[in-house]
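Note that chain A is present in both complexes that follow, paired respectively with chain B and with chain C.
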Partner chain A sequence: MRRFKWVPALLILMLVLSGCNGFTKGGSGAEKADAEAEEGKITLDFWTFWGSEIRRPIIEKIIEDFNNSQDEIEVKHTFIPWGDIWTKELAAIAAGDPPDVVINDINATALRGKNQQAENLSKYLEEDDISGDFYEELWNATLYEGDSYGIPFNTDTRVLFYNKDAFEEAGLDPEQPPKTWDELWEYAEKLDVKDGEKYDRLGFYPMFGVQTDVWMMNADNVNFVDENSEVKINTPAKLDTLEWLNKWHQKYGADNINSWKAQMESQQANPFFSGDLAMLVQTPTFYTQIRDYAPDLNFGVALLPEKEPGNGHTSWGGGFVAEIPAGAENPDASWEFIKYLTSKEAQEYWAVKNFDNVANIEASESAASSDEFNDNGKMVYELAVEAMPLTMLTPTSLVAPDYMTLVNPEFDNVYLGKKTPEQALKDAQAAVEKEISKK
Partner chain B sequence: MAGKRRFNYKTKEGLQGYLFILPWIIGFIVFTAGPLLFSFAASFTNYNVTSQMDFVGLSNYEKLFSGDQLFWTSLYNTLYYVLFSVPLTTVGAILLSALLNRDIPGMRLFRTIYYLPAVLSGVGVYLLWMQLLEPGTGMVNTVLAWFGIAGPNWLFDPDWTKPALIFMKLWSVGGGMLLYLASMQGISKSLYEAAEIDGANAWQQFTRITIPMITPVIFFDIVTSLIGGFQIFQEAYVMSNGEGGPVNSMLFYNLYMWQKAFEAFDMGYAMAMSWILFVIVFALTIVNLKLAPKWVHYEGGGK
Partner chain C sequence: MVKQAAGRQKVSHFETIQGRRQALNIINWVLLAAGSILMLSPLWWMLVTSVKTMQEVMTYPPTFWPESWNWSNYMKTWEAAPFDLYTVNTLTITILVVIGNVFVNSFIAYGFAKVPFKGRNVLFAIVLSTMMIPGFVTLIPQYVLFAKLQWLNTYYPLVIPAFFGSAFNIFLLRQFYMTIPDELIEAAKMEGASHFWIWWKIGLPLTKPALATVAIFSFNGAWNDFLGPLLYVNDESLYTLQLGLQVFKGQMSTQWNYLMAGSLLVLLPVIILFFFFQKYFIQGINLQSGGK
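And then the complex of A and B:
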């Protein structure tokens, strides 16, 4: 009898081991690739975070078109949620089994190049220079020591949406949106409708939709840490900005602002849709929400107002690149696919179907006149394309990648009344300089 | 002969035992102990996962203690959270289980209701709480307003973000409650009967019988929730978009570590941070274990 006591234990062990076995085999892209390779096709594993009902079919259609356009490469799409994709990718690179192409944050591309997380694309670009196809600011963000480590895919910018009916009601010309910060203030005063301490209609608050940093870029066109690793936080223009923003904050008061902010976060109830907020800075893609939730809204769009006439309507944006993770198995095939992804055809399809800004200049311009957009759509998209060359990126600093954690609390301190703008900027400047000097 | 057999049997049983826990042992060595040692070694390097791993001596630790303001901020935030959330959730769970340990009709329903939040977890709950805690329209402030209290700007006011998280944690004391309830039901009725005959009132019975009898579970709960408290991450990550909230008031230790590891790719530095946290938690657990004999009552005198 006693020998049989081992049987259940062995059974369990076998089960566990077979489980482990299945675990190591399942889901490995490399092996699938091997299997396909026998048929003479290279399989690429393409990671994106586009899993929504809207975006997923669009990216999958682009992949399908690519797969049908040739018979050597077969791209498979793997959706990985936003919160996981880049940590997973990093782990996969470290484990030596990365995906073949991945969509990643444009601002940190140089940092990934420096850390050799992505493949250097220069050898492909020497043969096939596509750098001129993209907005310069975007292209430059992909460079580390002159070499590109990712090709810009989609991007965004910030524009001013305003309610034309509210303008008319307040005696303003609905075709003349504010052009400067002073006009913005003046118009907002006229558009405000106050009821005791509360507001029935808020004219404008600069920090709905965007944060302090965007207005600072708008004011002096210089990132907090410039390309020479000089800290440019405590500058006269940035100080003006912080004072100006604080003036808005004091005007409406924290209670009003917070309760309005909470409403903005729930999409359908955005006060801009109901006309309770007259002006709002948002990405052009915000238009799709207006289209879906407030189709009757009579609105206009304008470039971000400038600090003073002639200062420039500088806006701010981000975006994503398609890149080859370091150690990918078939970089040549990956490059072919990336070229397709960032070609005019695929970019225009993405732009039109998603109402999203794309990095390819030609594709952007032809999307603006697409027949698929109605008049409002065209108006917004045209303005977005106009804003693109004025749009600044804030690439991650190579010397202090996470310095914003030091800067943002100082801005918070100003709005909470705990520090003067002068003091806050001085402290932020000192903190970031210290962080950089530690390296 | 008989002696030998028994020895044999014991050895066999021991071997069988090891065989049964073999999957765990392998898992522990490969997935826990290995990475643990690796992270210890890498904490003395400038490891960034992909391209560099040079020995830098103690410089990561030096930077942490001498020049990193955010390290202290994050440590303060985490200690604040642990200091309030552990006692509050423990007391909350005990009181709740005392209430639910009574024989009245419908008790099962109440137990289910109070346990339910412990079943729900993760991002969905945090998003739900972000709505509940919204200053203007959220349920929490709406209810407070019924009593004439102007609720705070919970997640927007740096003084209220941590209390908001602790408040949220209290909502899910059901998990701890279940442990206490099970332990309370195991207390012999004869103890209460004897106390009643001696004229002890309900409060005396609670403090003199119930509490001492459940001290092993209280001990277990405190140790595990202390460790868990130091690991707070998800809540802050979700509710502050990974940034740490207003004035970094939700920048907890693990969130800061995550930022260093996966945003700045300063993995060596992050690993050094994780070892400091390990030492802190380890020391506190030792203190706990040393203090335990003074207040934890094990029936039958066992350890």
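And then the complex of A and C:
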């Protein structure tokens, strides 16, 4: 048996390794949880995608404050990478071992309610009605058949950033940003600096930062599929929008647009920072990038221009909710924590430290006058708060969750010159109606 | 006569042919160098980005030579998350996976190549057919299975499967074993050796190049695995390097300089491995394309 002397060695190695982190259930976290359980505390596992050196300390401070504020619940934060967190959550729900609280996409909240992936919060709201604390549009997005499945946490909107120096150079008043679509066009013409076929400075292109759909919402305030599951794609206002956007596309030409777009989408070197792009639609939080990466930029900010005077500066946004995944072990404790997360105190702290829009109205308004912001910061945040009531959400349709995959190619057909705007909208309308009738 | 003339002609043109060859060589060199530069340019871009300030990363137009080389980015990257711990975790998983893959697959492959038994070919075909099933199809059933075994939030789901063979590695090693003459095995058997002994004493040493290939591929696979740890590990103290790198990527913005610095550091062992085992990497590719 001498020749098998490696067998015990291998076994010993296995045993040593099995004592390592990762081979005992739950690792070190579980030991900690056990220690706390002895004190009679409930441990909550809280999943977020906020792991950056900026966001992580902020959410962990909020958690720490909550943990210190009472002695029954101990919240433990786990960072799961952005883009994978909800896939992982779904797997965990299916396996019957979900976290206790998770930050999730607001637009699909009703869909998760319908699919029973999140806990119904109505019984808590009956005792403790906090629905009035949040922007109505956000609150409504969390409802499925009148019941709430998540509490709005943070949100965003879209506003127009513009370069004041470029305005001055082009003979425009830097304090008078464009208010209508016509003005936007007129200003862009003046701001363009052309060098042969190429542009040294681009005045504005509506589809950097946002897409066709946002301008369509801006035009008629109606989502592609409304709350009664009626398809509202082929409408006169949306047709105007598509024609208008196509005009921009023809103005700059596909080659110019594609090369600029590639740059914008790289999330690196942004031409707005260098003054090569004079106006850009972005979220208010974009300000933090200007602050950090282009501190000398002389910029202003304005509401999204309206289609024509009086039409309304409707903008578009999204956001996140805090929710209890279906099957979580301690929903009552989870609810206590969610209530704290969405309270004015925690929301204001998040808003100010992150320069992020929050769902709690009172917190947003008091953040706008925070002493922690400088003049530029205040300017952007105040405008963001002003834009919030004008901001539409586009909740995922319960009858055709993926309809945008049918609609977007039709828009592309217009920009590629393959279809007229009339034909494209007609076809998109028909395709989505067909998809819905299949259900 | 003709032959002679041709011979003489060849001799008299020898110089120019060599000259032509040299010219051809130079062209080859230039083409190859251009190709290498093209292949290396993403790596260069990683390196340059990793030492830039975030402000410079955001400058338009992008700079190909950084204004200043901020090597401190690497320190900051390492400190942004517990990367020491992540390295230990990743190494633990990787080493176990490599051990499992090398020994178990070799053992199975020996059986398929050298031990005649009824239904061997059918069984081998079944093993191979598992290669045709895309990993994503089995992902959810596998997850549910591991959940039922109470293995979530441990390394078992990442390590144990390596001890149950993988079709590709079995195939690769079986093809290698097929090149070992049966007479060798027969001779050992005549001497009274068991199959286990033959595998251990003759099989393993003779298949070293193929084993190295399997080891390298398993190392790469386990080291770079993102989906596995993402799905099965919940506790941040059990995270691996690939998960750790994700802290630099946010929903709206990415800390490119840290992400690139971190990626380069994580890539380093793979590059070192490549330089040491270059020979086996190439052999592996030959084996993969069925050249063996």
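Definition applied: the second predicted complex is superposed on the first by the 402 of 439 C-alpha atoms of A that agree within 3 Å, B and C clash if a C-alpha of one lies under 4 Å from a C-alpha of the other, contacts with A are read in each partner's own complex, and residues count from 1 in each chain.
Criterion: a residue touches a chain if its C-beta (ideal position, glycine included) is under 8 Å from a C-beta of that chain, and two chains touch if they have at least 3 such contacts.
Note that the structure is predicted; figures quoted are calculated from it, not measured.
J.: Considering only the touch criterion stated at the top, classify A:A94 as touching first (chain B), second (chain C), both, or neither.
T.: both
J.: Applying the document's definition of touch, where does A:A262 land relative to chain B and chain C: first, second, both, or neither?
T.: It touches chain B, and chain C stays clear.
J.: Using the superposition on chain A described above, determine whether A:N270 touches chain B (first), chain C (second), both, or neither.
T.: Second partner only.
J.: So, does A:P401 touch the first partner chain B, the second partner chain C, both, or neither?
T.: first
J.: Could you look at A:K434 and tell me whether it touches chain B, chain C, both or neither (first, second, both, neither)?
T.: first
J.: A:A254 contacts which: chain B (first), chain C (second), both, neither?
T.: Once the two structures are laid over each other on A, A:A254 reaches chain B alone.
J.: Kindly list the residues of chain A that each of chain B and chain C touches, one partner per complex.
T.: 94, 263
J.: Taking the complex as given, what residues does chain B use to touch chain A?
T.: Within the complex, chain B contacts chain A at residues 16, 19-20, 22-23, 48-52, 63, 67, 69-70, 131, 134-138, 153, 156-158, 243-244, 246-248, 251, 256, 259-260, 262-266.
J.: Flag every residue of chain A that touches chain C in the complex, lowest number first.
T.: Its residues touching chain C are 3, 17, 20-30, 45, 49-53, 55-56, 78-84, 88, 91-92, 94-97, 99, 263, 267-271, 273-274, 276, 283, 285-286, 289, 292-294.
J.: Spell out the residues on chain C that touch chain A in their complex, using ranges where they run on.
T.: These residues of chain C touch chain A: 54-55, 57-62, 80-81, 88-89, 92-93, 96, 140, 143-144, 147, 150, 152-156, 197, 200-201, 230-231, 233-238, 243, 246-256.
J.: Which positions of chain A touch chain B when the two form their complex?
T.: So the residues of chain A in touch with chain B come to 5-6, 9, 12-13, 16, 86-87, 90, 93-94, 108, 111, 114-117, 254-255, 258-263, 266, 326, 400-402, 404-406, 408-409, 412-413, 416, 418, 431, 434, 438.
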